[in-house]
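Paired with subunit B in one complex and with subunit C in the other, subunit A is shared by the two complexes that follow.
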Partner chain A sequence: MNENKPIRVLIAKIGCDIHERGPITLMTAFRDAGMEVIYTGRYATPERVVQTAMDEDVDIIALSDHTGSMPIIAESVMAELKKNDEMDIHVMAGGLILPSDIPALENMGVKGNYGPGTPLETIIKYTKSLVHPV
Partner chain B sequence: MPKENVSLDRKFGHIVRTASQSHIELKPVYNSGDMNHLSYDNDIGDPGIYPYTRGIYPEMFRDRLWLKSFIVSYSTPEETNQAFREYIANGLTDLRILADLPTQCGIDPDHPAAWNSMMCGGVATYGIPTYERMLEGLPLENVVYEFAHMGISNFIYNYSMLVSIMENKGLDLNKLHGNGINDPIRAKLVYECPDFPTDIARRVYMDHIEYAVKKTPRWKPCVPNGVDPQQRGMDVPKELGGCLALATAMIQELKGRGITIDEYGPMVFALDAESDFFETIAKFRAARKMWAVIAKEKLGATHPKSMQLKIGIRTSGLSLQWQKPLNNAARVTLQILSCVLGGVNSIDASSIDEAIGLPSLEARVFNLDTQHIITHEANVPLVADPLGGSYFVEALTSRIEKETNQYLNEIEARGGIFECLESGYLHEVMEANRLKIQREKEEKKRLIVGVNAFQAEGEEGPVNKAIRDVAYRSPTIKDRENMVSEVIGFKAGRDRNAVKRTLKNIYMAAKSGENLNPPMIDAAKAGATIGEVVGIIRTGYGIPYDPFNQIQMPEMVKQIAGQGGNK
Partner chain C sequence: MGWTSPEKLIELIESGNRRGLSRAISVVENQLEGHEPLLNYAFNKGGGASLTLGITGPPGVGKSTLASALIKKYRALKKTVGVIAVDPTSPYTGGAFLGDRVRMAEHGGDSGVYIRSIASRKSLGGLSEGTKRILYLYKAFGFDMIIIETVGVGQDEIDISIMADLTAVLLAPGAGDELQMSKAGIMEVADLFIINKSDRPEAEKTGHLLKSTLLTLAKEYQPPVINTIADQHVGIDAVIDAIQSIHRKRRENGIERYRQRIREEIRSAVAFRLNQEIRNAVDVMTDRVLSGDITPIHAASEICRKFKL
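Showing the complex of A and B:
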């Protein structure tokens, strides 16, 4: 992969979760770190998220949710990616994620799984390493 | 082996900023010169006397203590009912109701977009059965209820639910107390709420206000909300200015419907209590004064009561941190103290575990006890406005008033608050300040203990661990499936003709311009759901039934709208 090509990230919120401060803060931080970021806005569907990810040719889908429903949301996105044969798009998750939900998310192939208060540098460093493994 | 030498830095933990949270530059000392421009009678005045800077009651908390409030809304109506009972036993005096996120968006649990957030953040109050279970055995007369929802559809609908239940029980509607946020600026600016576009939201919110003022005089059907805009990025003058601008626009529009500000009575704002202690206190003082002046000078209030502003508080959830959650106890305590010193009327304090999940019972009892300690051990509320006359607090109050007035002038020059919403101006202002704060945190010009400064070293202690472990679980797939079945069963079991007839009346009112609230109450009684009433109003306006554009309108709505089927 071309190391000079900026990493492209789609930040997505699925369902009716209204908590937007996290994804917007992350959007700014990712851009500051030289990535190209698209944000779905709230109230998206798994179908729309995956379609946007394909149309925008992103490297990563970053799911944000603060309702405690991340396993349900992530499962629907992974299924949609599989359906479209787009399993090489990385999926990360962040927000209100209970420690007890992390094993299930990891089993699905969802990376990161960052809880509230994770330092932005940690997320950025990991995001870069996902696309450009050292 | 000799121990290492310790080096000590006298400057460790020193002050890093000289401005308040809203970037108001502060001097190291204030003196009488900072009050020269103020007149005691015109700008400050005794508590209970215009312009109410020092409070709306002559004896303030000796006369009546602030109401102690929580939003209580767990996944099921039964859990929520139980929690209300436990909090009431611990001193809750103001019952705030919320719903799960899909309901707040105006859709039912059987809508496909509901699944991912169903029963999250509250009860799926899709219709009257959930309401009856949630409020079973709780008093309805002479108790303060509040609606904290986001979508404008939710206020007229929830109000109709409460009224229906009271009427069904033969209770007195004059004894319905409380308020609903019903703020169309917040609904769009902060939440982009999908239920209604702003033009429809403006009609629905005014219909509800007009009806409620006439029908239930003790119910405040509009509470301009600064809490959520502030949490999303607005600074204090913008938070307060937004509330004042909406309240002014609302009262002016109400006048067009034949109701004066004197008939409307006192105004209520929902304001934020942030971590900046003195700025928060000064904001409450400035808010009361500014509303009094606007009500009297601009809106023609003649009765003292209609110049009064009551302030309901939600303490800042955003200020609470996931790291070292025990520290949140200090944050919340200071925020509550600022509310008491600022003379507010009700306090809904966030809980120390709120950055982790929905609050636990113990964290909330701690919250109520903090207020009891401030009252009975610290004796803080014995004297009204104890900071009145402080050089600094009076100067800061005056400074916030000045900056807020500048913002109000800007809004007016741009055509008013709704024009500023539609043009994107409000969003720009909010986002610019949010970004400024994010940068300050990154550059450590704004320190948050445990987050970007004074981080924990090594293993976390047992107290912090325990706070994190009590997080409330989100509903399982099974819980959600059961809810979907419940709704489908409820819809199938209703008197279909009664639902259709009442929905048709809403449809006709939407088209003709008649007030939407009376047919809404009939529809609530007949068992119409939130998704159906939102859909029928949208249909009446000629826009798609479903706010998410994912489902078809039900057969009976097609028939009502004359789009095929039997009339």
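Showing the complex of A and C:
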């Protein structure tokens, strides 16, 4: 992949989670780190998220959820990616993630799994390393 | 989808595969391997049936909301729609928040609508080179209707008016707009003025002011002024009617416009490359001046010599 190509991220919010502060903070942080950031808006479906990721040709889907249902959300997104043969789009997760859910998420191939209070620099650095492994 | 050859991407585009189009866009936008054959294919294929509408205007005036309302109407007419939604790149970080598609979310599940969010990534001012290249791909893909949304800040309107078949300039009700207009030369590029947010007071007044400003143009060049309330789908039929009638008239002097477009395209592609080269040369020379090797005057003439000027 070309190093000069900006990283494109889709920030996705699935289901009836109304909290927008997390994704908005993340959008700003990603943008300020030189990335091109797209947002699904609230109430997206897994099918819609994956379709948008394909249409926008993003490198990463960043799932945001504050309702505690990340494993269910992530599972449906991963299934949809598999169905479309798009497994090389990275999936990251953040928000209200229960520590007990992390092993299952990692098992599915979901990366990051950042809980509340994770420093933004940590997230940015990891995101960049996903697309441009050193 | 992994690396895909230009031949394969062309095959995908020919079969109407959106993923192929989507990847091809990244290839031409970033000038990745294979972008030239893709662009040559797209240029040769052309897009005779497509109509390209530019929508421009100040931030937050309702461009995306209007685009979404137009898409709805065009879909009801069974026309396929491709949208290029351009948002500004931050000049400081190179990053961008591409927020337009949130306002068009209702079309997200429609296979007849393709929306791509593009960062302006501008280096010379005006529409990015990427946007122009992407437009070729859209035409080759064969959308009936192509909409390009850009924020109007000076040069962009002029560029968009060359690339698009027709350009709608959006304004919001309120004082000062008419001043801005005569200053930025928007009057010359607008084929159509839309006063959006006409649910607000002063909409009518702004319309009158605008029309009286336009009286300075010869009658046949006076663009129509239409009031809309985009988020309530008010005035959209009038916009569509105006687009059709302007487009019909336009066909008559189509050859001259086409010539102008091709000229601009060649000019801007060359300017883009030259600018890159010059920037690199300037960087090298800057280092040499700073290390006391030569003076800035020498540096400049050396660069000119390099480019045979």
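Convention: the second predicted complex is superposed on the first by the 134 of 134 C-alpha atoms of A that agree within 3 Å, B and C clash if a C-alpha of one lies under 4 Å from a C-alpha of the other, contacts with A are read in each partner's own complex, and residues count from 1 in each chain.
In this text, a contact is a pair of C-beta atoms (placed from the backbone, for glycine too) under 8 Å apart; a residue touches a chain by one contact, two chains touch by 3 or more.
None of these values were measured; they are calculated from a predicted model.
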{"item": "First, second, both or neither for A:P116, with subunit B first and subunit C second", "value": "first"}
{"item": "First (subunit B), second (subunit C), both or neither touched by A:I72", "value": "first"}
{"item": "Partner chain(s) touched by A:T25 [first = subunit B, second = subunit C, both, neither]", "value": "first"}
{"item": "First (subunit B), second (subunit C), both or neither touched by A:T52", "value": "second"}
{"item": "Which superposed partner A:P6 touches (first subunit B, second subunit C, both, neither)", "value": "second"}
{"item": "Subunit B versus subunit C as contact partner of A:E80, first or second or both or neither", "value": "neither"}
{"item": "First, second, both or neither for A:I14, with subunit B first and subunit C second", "value": "first"}
{"item": "Which superposed partner A:L98 touches (first subunit B, second subunit C, both, neither)", "value": "first"}
{"item": "First, second, both or neither for A:G41, with subunit B first and subunit C second", "value": "both"}
{"item": "Residues of subunit A contacting subunit B in one complex and subunit C in the other", "value": "28, 41"}
{"item": "For the subunit C and subunit A complex, residues of the former touching the latter", "value": "1-2, 18-19, 22-23, 25-26, 30, 32, 90, 93-99, 101-102, 105, 108-109, 114-117, 119, 121"}
{"item": "Of subunit A, residues touching subunit B in the complex", "value": "14-18, 20-21, 24-25, 28-29, 41-43, 45, 65, 67-69, 72-73, 76, 96, 98, 115-117, 120"}
{"item": "Interface residues, subunit A side, partner subunit C - complex", "value": "2, 4-6, 27-28, 30-41, 44, 47-48, 51-52, 54-57, 85-86, 88"}
{"item": "Complex interface listing, subunit B residues touching subunit A", "value": "100-102, 104-105, 107, 112-117, 120-121, 150, 190-192, 194, 231-232, 318, 321-323, 355-357, 431, 434-435, 438, 442, 451, 471-474, 477, 548, 550"}
